[in-house]
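Note that the chains are named A, B, C and D in the order they appear, and that numbering of residues resets to 1 at the start of each chain.
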Amino acid sequence: MSVGKIFKFHDDLDTDQIIASQYLLLPSIDEMKGHAFESLDPEFPKKVKSGDYVVGGENFGCGSSREQAPGVLKALGVQAVVAKSFARIFYRNAINIGLPVIVCKELPDQVETGDEMELSLTDGTATAGGSTYPCTKLPPYMQKILSQGGLIASLNKEEV
Amino acid sequence: MERFTGKVWVLGDDIDTDIIIPTEYLALKTIEDMRQYAFSPLRPDLASQIRKGDMIVAGKNFGCGSSREQAPEVIKALGIRCIIAKSFARIFFRNSINNGLLLIEQPDLYDDMREGDEITVEVNHHITYGGSRYPIASLPENLMEILGAGGLVKAMAARNGLSIS
Amino acid sequence: MGMTIAEKIIARAAGVEEVKAGDIHTVTLDRMMSNDGTTHLTVDMYHNKLKNPRIADPGKMVFIVDHNVPSDNPKTAASQKKMRDFAREHGIDFWEGKGVCHQIMMEHYVCPGELIFGADSHTCTYGALGAFGTGVGCTDLLYGMVTGTSWVLVPETVKFNLTGRLPEGVYPRDLMLTIIGEIGASGVSYQVMEFCGDGAGTLSVNDRMVLCNLAVEAGAKTAIFEADQTALDWLAARGRKPAAVFKSDEDAVYEREYTFDLSKIQPVAARPDFVDDVVPAKEVCGVHIDEAFLGSCNNGRIEELRVGAAILKGRKVADHVRFLVVPASQQVYLQALDEGLIRVFMESGAIVMNPNCSVCWGSCQGVIGENEVLISTGTRNFKGRAGHPSSKVYLGSAATVAASAVKGEICTADML
Amino acid sequence: MGQTMIEKIISRNIGSDSVKQGDIVTVSVDRVMLDDIMIPFIVDKFHEMGFSKIWDPNKVVLIYDHLVPSSQQDDVRHYQVGDRFAEEYGLTHVHRSDGICHQLMTEAGYVKPGDVVFGTDSHTTTYGCVGAFSTGIGYTEMAAILGTGELWIRVPETIKIVIQGELPEHVMSKDLILKIIGDLGADGATYKALEFTGSTVENMTISSRMTMANMAIEAGAKCAVFAPDEKTAHYCGVELSEWEKNLKGDEDAVYCKTLIYQAKELVPVMACPSQVDKIRQVSQLEGTVIDQVFIGSCTNGRLEDLVAAAKMLEGKKVAPFVKLIVTPASRKVYQEADACGALKVLAQAGAVITHPGCGLCCGRTGGILCDGERVVATNNRNFLGRMGTSKVEIYLASPVVAAACAAAGKIVLPS
């Protein structure tokens, strides 16, 4: 994956912070995405560029099952989310919509917002600040969903 | 005698206060925050098209409905110089005068008026449009006093020994 | 090798003899629930993203409008209409304004042994009846709706051995918050919490719902109780039969075990902005509040309304406090009317709203303002969860919330 | 020469016996009502005007109703501004979640026959149900009253409306006032007072009179009045004085117009989208499919309205995919409807019952609709965009008609 800028967030980053409840019933992800991370950094949707990365700590995406959370990140062009660990539903949702979510125990403590990073899904590594960190590889089943572009894409493919 | 000329926006009969400013925007903090939503249920683009000094010409019962004073305030904030209608609803009329927004009752102009044209108003006397003169009545004295003071807030402030610029 | 209840349910759904933690299986889902938080997106994807749109079995689908009820703006209304029209067109069971989705599912659908997906994280509630319920996103839900199946990574199970009885004035909510405080917000991430032991047997189905419901706040995939006689009686009273009644095998594998002595539990509160920041309720006493909330899929049933009403009876809500009482369902509301509880709440000055998610999800009802403080029986206290990003949410039991509403500051019931 | 009711009330207020229509006079205010939407604006204007105290805090009633419960973060600011103002200026009559302002003003005893009352809401005309002169004003004038206790008014001409006989089954006072508004037109009574009289209104409950006084503004009226009688005395908890007993239009009073109706000729009607004066008989609209029904508001959210709706829905269910939202007008109404079992019947039928407040009527929350949806509602306005987008169709009706429509899922005559 290409080099992108990092936006770093704290441990236990919950889905209410990624996208608050009051926007979830808007008609589409496109109308919601301007409110991503509103409580923490209202400028985030303007600052983030296609190909950037979100980096979190432990338990990233805890809280609700709202698929709008990975949805708005993907719609804003976030290339992947790297965290020490992920909450279960967020993790599953991200893979289902084709947003790579990568577990990397060391990198989050070594980087700050604004740093650049590069990710290699095939090697299972993340590189930032001249150092390369090992990432946990996805189980093959999930890797397959991701490589097909998400669950619906895989469903459509099977039906052809 | 006061005299001014401006471009006209034409609205219909029974323009109610929910059209002028819908309830969902009434709890916004300031009139400045609200004014972009003026007339939005009827003509969503109108608020952005109105320029300072423009006028509104409408049919009967303009401003009917609620007592929300935000209605004349947003119209004034958009820069509307005065509203000329066949008739006005009561509360809206009082609220407008209290805010120093001039309202003029004129029975015939609306039927002849084309949006975008200019008219000239001579207060308490007549309106000129397309070469014709449309007579208008004088406002009662007590209302002219409030208008003269620049609205009720200024009139009250003066009574309390304050002067507001 | 032995299996846990959760493993047995997955094995049944996968049509295999045995599963073990870490396996990935394709399962047939017994039921799917979707609410107005995401269904409009599911419907859009159904129409726009599928090559061959179809529904495997509309009879397994339940759509529930509960999050923004009554609707607060035209966009909400449009999203709900999309859901309503879709349910009508495809013959899907549809509920609107009748209560919080999990409460409706428990009242009308959930049966022991079932594997249920819900597009809501608190779907783990259904473990109270020995079912495997888990929260998923709308893409998973759509896949399940189209194919009738999904994939499941068999989770490890963590055993929670409960002993003893809760003391008077201490509630299952205190117990569950205490557990979450102890194990942390990701303490059982991807895992199943299995509650067992003598103490579990003393808990009613309502109590079990309170426990299971909050399991996701510790990161769990689900939580589960064995469907014992208490559960089966509860089910029979509602005219339903179990799909399968499973017990964990003696030699089942648990990732680890905890023991909690119920008799030692005390009233607790979770402080802003994390559910696992749990302290004895006494430690937060005196915090000025602006609003109090008694309701939600966690704590809005008749049992909690009774607790709240007993405290409010003959007392008044503090002048500056807005006390929202929101029954979890229309059934609960009707029972509360019958028992005179609603009368007590209205006399006390409370705001009694229609059954819905209300301020627990903080979007359209009881929303709090800048720097305001809410004490709540809801599920979460994340930053800004109930309104303005600067506002704060404390979580406590129904008793603590009701007492705080009277006092105007956080206090426990014994302090009134 | 004889006087109309309004002329009598104003005469007594200013201590003159010769007040006549068209005069501009300054009245002393007996009571004012401030609501939550307007309170921040009132406070700003009050301070801009340079006042440092309220003329008589006991005469001021502050009511939170449009924004209860809060639906947006900013709503709370209105409570905060109101609470601060009340504390600073010694206001004691503050209602934070007790129901709709107009219901509370009479129900809680703030208005008596012959009073002169102003409120920052157009439906302040409601208090004419107990023989008071009451009307809506803006927040600037309210701020001036708070400082001075006075307001100038123009003594209005009066339209006399006589209704005789008994209303047919399923015809409510709502049908009557809708019919009258249809006949007068939305501006037919602008600047004028309506004086209701005749055996039909004499036999009406105060609640039914409230419905009519409430909607007078929809014909543009400044106010509407009913002569106080024993029912009024009982409702207000007062003994009528000699003056109050004679508080009715004199035989030789001057009326600008008189309308006469025979109650038996009336039928259930609706105001069709999007004008309150676009009145059609329900029978002409039958079969129109609907999405939602709203029973509530200061027009028709009282006990008799809820009981009428409950009677219609007893043993029935709201039609599939149709929502019925019931918002009682006040805490007291809610409690009484609970006590008499009406709430239970409505809830069993599938109604969504909310806490008392303005709810959907004021269009902030409480069941907002979207493009293409149609609602039958018992409130007072069906303006474009009032309950959502401008493509929402609002039909105004009586509670009994609304309930029948909820069960049928379409517009029907009650049976």
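Following the convention adopted for this analysis, contacts are C-beta pairs under 8 Å (C-beta built on N, C-alpha and C of every residue); 3 or more make two chains touch, one makes a residue touch a chain.
On a predicted model such as this, the values are computed, not experimentally measured, just so you know.
One finds 53 Å separating the Cα centroids of chain A and chain D. Rounded to whole angstrom units, the spacing between the C-alpha centres of chain C and chain D is 41. A separation of 27 Å divides the Cα centre of chain B from that of chain D.
Of all residues in chain B, those touching 2 or more other chains are 24, listed in ascending order. In chain C, the residues that touch at least two other chains are 73, 75-76, 78, 364, 367. Among the residues of chain A, none is in touch with two or more other chains.
Judged by the touch criterion defined above, the protein chains link up one after another in an open path, with no loop closing it. Those chain pairs judged to touch are A-C, B-D, C-D.
For chain A in complex with chain C, the touching residues are 12, 14, 16-17, 20-22, 24-29, 38-39, 58-59, 62-68, 70-71, 85, 87-89, 92-93, 96-97, 139, 141, 150-152, 155-156, 159-160. Interface residues of chain C facing chain D in the complex, by the touch rule stated above, are 69-78, 81, 84, 87-88, 94, 96-98, 290, 319-320, 322, 324, 330, 333-334, 337-338, 342-343, 346-347, 349, 351-354, 364-370, 372, 387-388.
Listing the residues of chain D that touch chain C in their complex gives 68-77, 79-80, 83, 96-97, 291, 320-321, 323, 325, 331, 334-335, 338-339, 343-344, 347-348, 350, 352-355, 359-360, 364-373, 388-389, 392. Against chain B, the residues of chain D that register as touching in their complex are 24, 37-38, 40-41, 45, 48-51, 66-67, 72, 74-75, 77-78, 119-122, 124, 135-141, 143-144, 147-148, 152, 186-187, 190-191, 217, 220, 222, 275, 362-364, 381, 383-386, 389-390.
Contact residues on chain C toward chain A in their complex (touch as defined above): 24, 36-38, 40-41, 44-45, 49-52, 67-68, 75-76, 78-80, 118-121, 123, 135-140, 142-143, 146-147, 151, 153, 185-186, 189-190, 216-217, 219-221, 274, 361-364, 367, 380, 382-385, 389.
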